[in-house]
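In what comes next, chain A is part of two complexes: it sits with chain B in the first one and with chain C in the second one.
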Partner chain A sequence: MADLEIRGLTKIFPGGMRALDGLDLQIQDGEFFALLGPSGCGKTTLLRSIAGLETPNSGEIHIGGRDVTRLPPAARDVAMVFQDYALYPHMTVADNIAYPLKVRRVGRKERREAAESVGRSLQIQGAMLDRRPGQLSGGQQQRVALARAIAYRPHVFLFDEPLSNLDARLRLEARTFLKQLQRELGVTTVYVTHDQAEALALADRMAVMDQGRIRQLDTPSNCFLRPANTFVAAFIGSTPMNLLPATVQEGTFEVAGQKVMIPEAIRAKVSVGDTVILGVRPEYVSVSPTELPGSLTGTVRVLENLGVDSLVTVEVGDLRVQATVPEERVPAVGDRIWLAPDQRRLLAYRQDDGEQVGAPKVAQSDAPALVPGAE
Partner chain B sequence: MVRDGTTPTPDSIPGPSEAALQVRRLLSRIGFYLFIVIVGAYFALPMLWLVFAPFDPHPTLAAAVPSSVTLSNFSDLLKNPNALRSLVNSIVLAGATMVLVVAAAAPAAYALSRVRIPGRDLLLYVLLLFSSVVTGTAAMVPLFLLVFNLGLINTDVGVVLVLAGGLMPAGIFILKDFVDSMPKSYEESARVFGASSFQILRDIVLPYARPGLAVIAVWVVVNVWSNFLIPFILIRDPGLMPAAVVVYNFYTEGGQADLRLLSSFGLLYSIPVVVMYLFVNRRYGFRFYGGIKG
Partner chain C sequence: MSSRAADRPSPPRGASTPPEASAAALQTRGAVAFLTPALLLIGIFLVFPALWTLYLGITDYRLTGIQAAQPQVIGLDNYASALGDPAFANSLWVTLLYVLGSAVIGQLGLGFALAWTFRRWRGPARNALEVLVIAAWIIPSSVVAFLWIAFLDTHNGTLNAALGNADIPWLFSWPLLSIIVFNTWRGTAFSMLLCGGALNTLPPSHLETARLAGASTWQQLRDIVLPSIRGHLLTNLLLISLWTFNDFTPYLITAGGPNFATDTLPVYIFRNALINFQLGYGAAISAILLLINLVIALVYLRLLRARS
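Our next item is the complex of A and B:
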């Protein structure tokens, strides 16, 4: 077991693409850590750098207190599960699982025993051990890839979107399974995904990345409830957060000519005349057919059924605001309704850099990990 | 077909009647099958000849079922001391060349597939282009001089080296394509598990490229088996000559072919290649990929 520390990691690909930009990160021993971001944000490059498959231009990587920056992958004691699983098609399942042991010149009999015991814990047993990967279903292949990583007994697990090749239903099962497995093994895990729901569900802590930098480093619930900036706010959440331009007036925000009360927590951080971007999740906007104090009003334009809830898109002036409403209170298209943002969940971001109001201004070149006002 | 603005409706087009269309369809079918039969016969007749003539006491150039079956052609053939020995020589040459080409082309293909060096593709194409020159008639004299100066005239080693050199580039080219088709993650996961380059080659790349290796091996054997020019130039001793050269002995001094010996030797000459093909196909299975990336 080991903790993981990354200092000032920079990777510039030939051609000038800056995949990692002076990145700092600390991951605790036994932690389930997710790297989340859109494609091209550098999350996979970071993972591959930890594995030793990419050589960073500068910066250091420490695993368990040991500087591994210049060590080959073999000397790092990390196991990686690839997006395509990378199971060897010419080997049986048992041989695949035990391949890390074969590399270490463990005898045939012990390899078979190891494959059987690791396989058993992942429901890979009996005749399945002697099949070839091509004869297995996607979910089974994924478990074999996990078993192979476990058989290596690494200090750190590295997962590169391991669930993205599974269909939606199986992905949920595999997700629960993976989290339970990680808890049982207690091995430090770095998990790369572009699926925000996966990161929220699995991680103890997560980093939201964009353009080679970490935009927020926090627990999933803080990333969801208090996104540090508009990038994270827009990226996380299955329904996108409402981001509404507003100007600060005495005690109120003016949004599309209407007024919203400034929450107590924000009041001291803004001054009259500021232009800000208000952020509130559709889940935290309550909807009423009658007028509410300090609410926005508008006309319902679109209704989308989300299952338990419905997503209502309301035209407020020239803005569109979304809110979720429970099934029994769904308005009709064309209705005039009132929207009241939850005062505890209303966030305000600076217009210029997209960070939360009151957050320290940072120079763009050496932006450190930004922790929002969670404390 | 480009039509002007007005599209005629189907009934307005005057066309051949239904019956005339059917006749035309029938005739084109007949023509097609006739063509197939002629092409098939063109290729099948020499095979038939090879099956019938060796057992015919008086074979001619026509493929005909022999009036009486005899093995005397074969017993006469065995009286020629070089006949059987030449088949053994052929097997030795083909086998040695095959081992050399496969053993050298596999690591070369792996390296060329994985290492990015400037001008790599140009290098491969140039090698490929020149390889046909190496075993061709154009380089006959320099090749002879080279092998002579190396003191390898009249040895199997000389023939194997020249043939291997000529076949290697195409072998590397084909194998590289097999290796290219392998996902990079296979190697990367092996590297993370601590495998060395040699272990990756042995455990992952070679088994993955096995159909490619089988293709190369068969292709080399067939090429060496049928190569006449190189052993003809480089080997003087009749006892060392491979079958492709020894066939030349079954002509009378007047240039007349001895069809009895020629046909029976031809049959023996073709059997090993057919057996090898069947064996390799059963053991490894030829998969027709490689060559061109989809």
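Our next item is the complex of A and C:
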């Protein structure tokens, strides 16, 4: 069991691609930590650097207080589960699970016992132990890969998108299983994913990464409710957050020629004439067929059924605003409706760097701010 | 739906062949027409000579004399005299050493070692390496044979010059070793390319998992790499064994000598059939060579199948 500390980690690939850019991160002992971001954001490079499979150009990695930056992978006491599971097709399931022990010259009998005992906790038992990985289902293969990582008894688990090769339903089951397993084992876990729902569901804390930097480091609920910037706001959430250009006027935001009240919490952080980007999740926009005070009005253009709710896309001036409505209140396409953002959930971002209003300016911000389109 | 389909009037019977049947007939005729030239060529240049060799093997056919005009069928006499001939036994032994040394150990060993060592090389350096190795493989036999005679010459050879005018008679003192090294040099390219391709099929995560577990390079090779590419290696071994078994190039360097030290089976056949004019006897040995090749192929196929 160990905590993990990363200081000023930079990795530049041959050709000049800056995969990690002076990254700092602290992960507590026993924490389930998710690294989330689009492809190419550096999350996998960070994970592989922790494992020792990539050599950083500068910076330090400490595991359990020990500087492991220059140590080979085997000396770091970490176990990694790959997206493709990396099971050896010519070995039986039991041999696969116990392979790390074979490398350490543990005897055949002890290896078998270890494979059986770890396998039992993951429902890999009986005849399954003597099969080849090719004879197992995707979900079973995934559990064998987990069992091999556990049999190694590492200080840190490193997961590289371990659920992405499973089909949607199995992925949900495996997710619950994985979270429970991590709780029981209490091993520090770093989990890389590009699936925001997975990160929200699994992690104690998460880092949202973009272009080799961490854009937000927080709990899943804070990342969801209070995204630090427009990048995180656009990346997290199964329905994308509404990001609407607005100008600040006396007591109100002007959005597409209409007025929205400035929430109490934001009022002191903006001044008249500022241009901002308003962010509000479709889940926090209430919809009404009659006029509401301080609301936007427009015409329903698209209806999408999400199951319990429907997603309504409304044309407000030349902007498009989305809201979710429960099944009994779904309007018809072409209806004129009123949209009221929840005052407690309305966020405002600076136009220039995309960070929240009132947040300190990021000094080295050459990352382009995400400017929402008219959608 | 189905009832409506049943209501449809059935096509008149026997009026004409249904269109599908005639299309199939046309396809068959087309296939035969396309295949015939190839089958004819194979028949004339491969099947007929093979059968003809088998026939010659049971005759006393010679290049000159009465037996050239009227060869007699002598049954298995040729085979009996081959098995009783110590020169044949010597030749078989030399061939086995040649195949084992230059194909199995030399080409496969060196080819795999090169492929493994340079597996991460990309770009111009890798291209240069491949050109160098493949050059040995694609230059005509007669040319490389002359190059090696020049290389190994006792008084003016490049190798002896490099060793400081050592005047070592390589082809005389170590004739078999010389042609084994020669054939290793010549044929490694194929094994290197095949092993390189096989190593590329290995997912990087397999070796990374082993590295994380602390496996040494030797353990990675033994536990993961070699079992994973076993099929490629066996196929490669089958091909290079057969090629080396039938290889005639050493004759261009040593002419089977000195004192039959490099008298491989193809050279033995050449000597008996075309120098001693015993075409019938040569044909019989060719049939034995064919049989040995067949056995080698069967052994490898067995090993390949043992995988699953």
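As a working rule, the second predicted complex is superposed on the first by the 364 of 375 C-alpha atoms of A that agree within 3 Å, B and C clash if a C-alpha of one lies under 4 Å from a C-alpha of the other, contacts with A are read in each partner's own complex, and residues count from 1 in each chain.
Note that a residue touches a chain if its C-beta (ideal position, glycine included) is under 8 Å from a C-beta of that chain, and two chains touch if they have at least 3 such contacts.
Predicted, not measured: the structure shown is a model, and the values here were computed from it.
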Chain A superposed: clash or fit between chain B and chain C? clash
Could you tell me if A:K102 is touching chain B, chain C, both of them or neither one (first, second, both, neither)? both
So, A:Y152: does it touch chain B (first), chain C (second), both, or neither? both
Classify the contacts of A:G15 with the two partner chains as first (chain B alone), second (chain C alone), both, or neither. neither
Counting only touches as set out at the top, which of chain B and chain C does A:D84 meet: first, second, both, neither? both
Residues of chain A that lie at the interface with chain B and also at the interface with chain C: 51-53, 72-75, 78-80, 82-84, 86, 88-91, 99-100, 102-104, 148, 152
Per the touch rule, the chain B residues reaching chain A in their complex are 183, 185-186, 188-196, 199, 203-204, 207-208, 210
Give the list of chain C residues in touch with chain A in this complex. 203, 205-206, 208-215, 219, 223-224, 227-228, 230
Interface residues, chain A side, partner chain B - complex: 51-53, 72-76, 78-80, 82-84, 86, 88-91, 99-100, 102-104, 148, 152, 158
Complex contacts: residues of chain A adjacent to chain C: 51-53, 72-75, 78-80, 82-84, 86, 88-91, 99-100, 102-104, 148, 152
